[in-house]
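The letters A, B, C, D, E and F name the chains in turn, as written, and every chain counts its residues from 1.
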Amino acid sequence: MPLLPRLEDDQLAPEARAVFDEIRKARGTDYVNDIWRVLANDPALLARTWSQTRATMAPGALDGLTKELVYLAASITNDCEYCIRTHTAAARAKGMTDAQFAELLAVVGLANQFNRLAAGTRVEVDARYRD
Amino acid sequence: MPLLPRLEDDQLAPEARAVFDEIRKARGTDYVNDIWRVLANDPALLARTWSQTRATMAPGALDGLTKELVYLAASITNDCEYCIRTHTAAARAKGMTDAQFAELLAVVGLANQFNRLAAGTRVEVDARYRD
Amino acid sequence: MPLLPRLEDDQLAPEARAVFDEIRKARGTDYVNDIWRVLANDPALLARTWSQTRATMAPGALDGLTKELVYLAASITNDCEYCIRTHTAAARAKGMTDAQFAELLAVVGLANQFNRLAAGTRVEVDARYRD
Amino acid sequence: MPLLPRLEDDQLAPEARAVFDEIRKARGTDYVNDIWRVLANDPALLARTWSQTRATMAPGALDGLTKELVYLAASITNDCEYCIRTHTAAARAKGMTDAQFAELLAVVGLANQFNRLAAGTRVEVDARYRD
Amino acid sequence: MPLLPRLEDDQLAPEARAVFDEIRKARGTDYVNDIWRVLANDPALLARTWSQTRATMAPGALDGLTKELVYLAASITNDCEYCIRTHTAAARAKGMTDAQFAELLAVVGLANQFNRLAAGTRVEVDARYRD
Amino acid sequence: MPLLPRLEDDQLAPEARAVFDEIRKARGTDYVNDIWRVLANDPALLARTWSQTRATMAPGALDGLTKELVYLAASITNDCEYCIRTHTAAARAKGMTDAQFAELLAVVGLANQFNRLAAGTRVEVDARYRD
């Protein structure tokens, strides 16, 4: 069980209900992911994280799919199952193919390998990349 | 100082020299990043990681810039300064703008925030994303 | 299954049994958490980690509840389910409310977000905070 | 050098300038930390993270000092120097003593040790802490 | 379910089948671990990671068991259950005893504790260890 | 500057002085690493971590060099410069060669790569490794 209860619609405080209405409208579905149902225990936290998510993930200088790939790369590095599964679904909904996902995995693996090769050798940043 | 010496060209073993030749040809520049000069202490490791890097970062199902962004997202999550600085330069060389980099940072920050909200609440993966 | 067996009381070496006696007396309950039953495979490790835990978590300059919150913040950042669940219970036993836990989650999420914004921008520490 | 420039007051976009005004008023000082000067390259990101920070760190169910300690515990676990140095200063400004900081370090060290003992043994969560 | 399907032998592309043949010959068993069956969705990734694994884990300046212990220490620090379970089995097959595994856990726990004590105190590297 | 002062010998509390005497005797040198001089601000923390270190790193079921390699693998994964530099020196003092260190780096890099491939694919642990 989660450490804060997963709230059903009829258990929501008014401020949380208003956020759920926005989520449903923005996503075009009645389904609300369970992370929001858990965060709804603190309606102010729910409102802040939802508005931050909507603004951050909206297409801008980077398109929506690229943002999902970046989100996945960070979540895979942290091994967050909830985030990996839900954002893999989001990325697929925005067009990610199996081949693209496999290449993303390969790049994330390579980066993590080099992150440790750099850490363990204590190589200093080349002067040309430092300034 | 790095924990393994940074080798100059005239200190390279023949196998390492051959890898440096490939790096220079592939990159179209005489400059070889210091991480390769440190890895050159173990020519077999140098050869393996270079061939893996070339194959993994080549455009495929994902284009080259997207791969750099994914690499950066993982490296920022791990706080690897060497990797962040060198691959920011690589991403800029492939067209990344300041606005794109700022949005990448925002997405990486958001993912790391949610990674911990999911960890701390122990929210279970919604049935629809599990199977 | 755990990778080292979970030992029952009648499987304990004498040194491990003595530590279990201390745990039971200190906690005021006959129940001993499974992590201790697994660590009991190496009685010296069990003894060291128990005495370190008792000394570290005892109220001192910081009160007992604050120490549990700090413990949780680290464990959530590392996504250690065992540690999060057992120390959430410990924190609740020391008075943590749902509202306090939700605020802790928000702060941990915020910190992790800024940790990556700082990593990715490579912002240098302001002179006034450096010395 | 940071990877996005550190903006002086006369380089700020109007939206960023408005946020700086708020920061100065809320903090009661003319000094604005460099992380905000770097984030100011993306005024919308600056505005979002500042309003989130103000709301999250304000005293509520947890007092202001406790929130700083929780923030530090996460930042130490991630080894974010910028965050550790600036929030140690913030915690001291809210009353943190050397003795309290040393105990915080001890608890964070203990938690990180147990996080790995739990990871390596794959101990399962005791039934009583699972539901 | 995994996010890429686990391929049976009769679903393998020819390049993947060739890698499986090598794995079976090198390991002396018909059993192929599921991680390879998942990576087989991208035969080039499978081929690269297998050849890298074989070369890296082969006895050289470090013997095979020591390499498994080092692999475990990294995987425990990252809390990768798949890697911990499969490489614990590999280490046991190469002679690791329960007593050795318990000592490995103790060292990994100690290192993680000190990693955070060093991070939180911002202790500078002693001059004698810096150059 | 460190966040707690680095104490000189004449600034030590009696309990801390006693620990320094033990460190000097155990190490056979008058030099005391700076991490101990910083931890000396909390003599009880100093005493606990020193006695834990001595017991944990002493040769037992694993020899002293292997323990240093395991310590390094964890510290490299966490990118702790202080720990990497001081324990690389300790490992070299116990016989680690450049070739061994390079192989350790390769294994740590490989493990970190696979940790993320496992995380990102959500591959389930094979039944034979689960029980």
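For the reader, a short list of remarks on this structure follows.
FYI, contacts are C-beta pairs under 8 Å (C-beta built on N, C-alpha and C of every residue); 3 or more make two chains touch, one makes a residue touch a chain.
A quick note: this is a predicted structure, and the numbers were derived from the prediction, not measured.
Of the two chain pairs examined here, A-D and D-E, the one linked by more C-beta pairs in contact is D-E.
Matching residue numbers shows that B-F is the pair in B-F, B-E or C-D whose interface repeats A-E, with more than half of the contact pairs in common. Per-chain Cα centroids separate chain A from chain F by 34 Å. Chain geometry summary: the mean Cα position of chain C and that of chain E are 27 Å apart. Between the Cα centres of chain C and chain F there is a gap of 20 Å.
Shared interface positions of chain F, i.e. residues touching 2 or more other chains, are given as 1, 3-4, 48-49, 52, 56, 74, 76-81, 84-85, 99, 102-106, 108-110, 112-117, 119-122, 130.
Contact residues on chain B toward chain E in their complex (touch as defined above): 1, 44, 48, 51-52, 55-56, 130-131.
Residue ranges on chain D touching chain C, taken from their complex, read 1-4, 6, 31, 33-35, 38-39, 49, 52-53, 56-57, 60-62, 66-67, 69-71, 73-78, 80-83, 85-87, 89, 97, 99-100, 102-104, 106-108, 110-115, 117-126, 128-130. Taken in their complex, chain D has these residues touching chain B: 3-4, 41-42, 45, 48-49, 74, 78-80. For chain D in complex with chain E, the residues that touch the partner chain are 72, 76-77, 79, 81, 84-85, 104-105, 108-110, 112-117, 119-122.
The part of chain C that touches chain A in the complex is made up of residues 79, 84-85, 88, 98-99, 101-103, 105-106, 109, 116.
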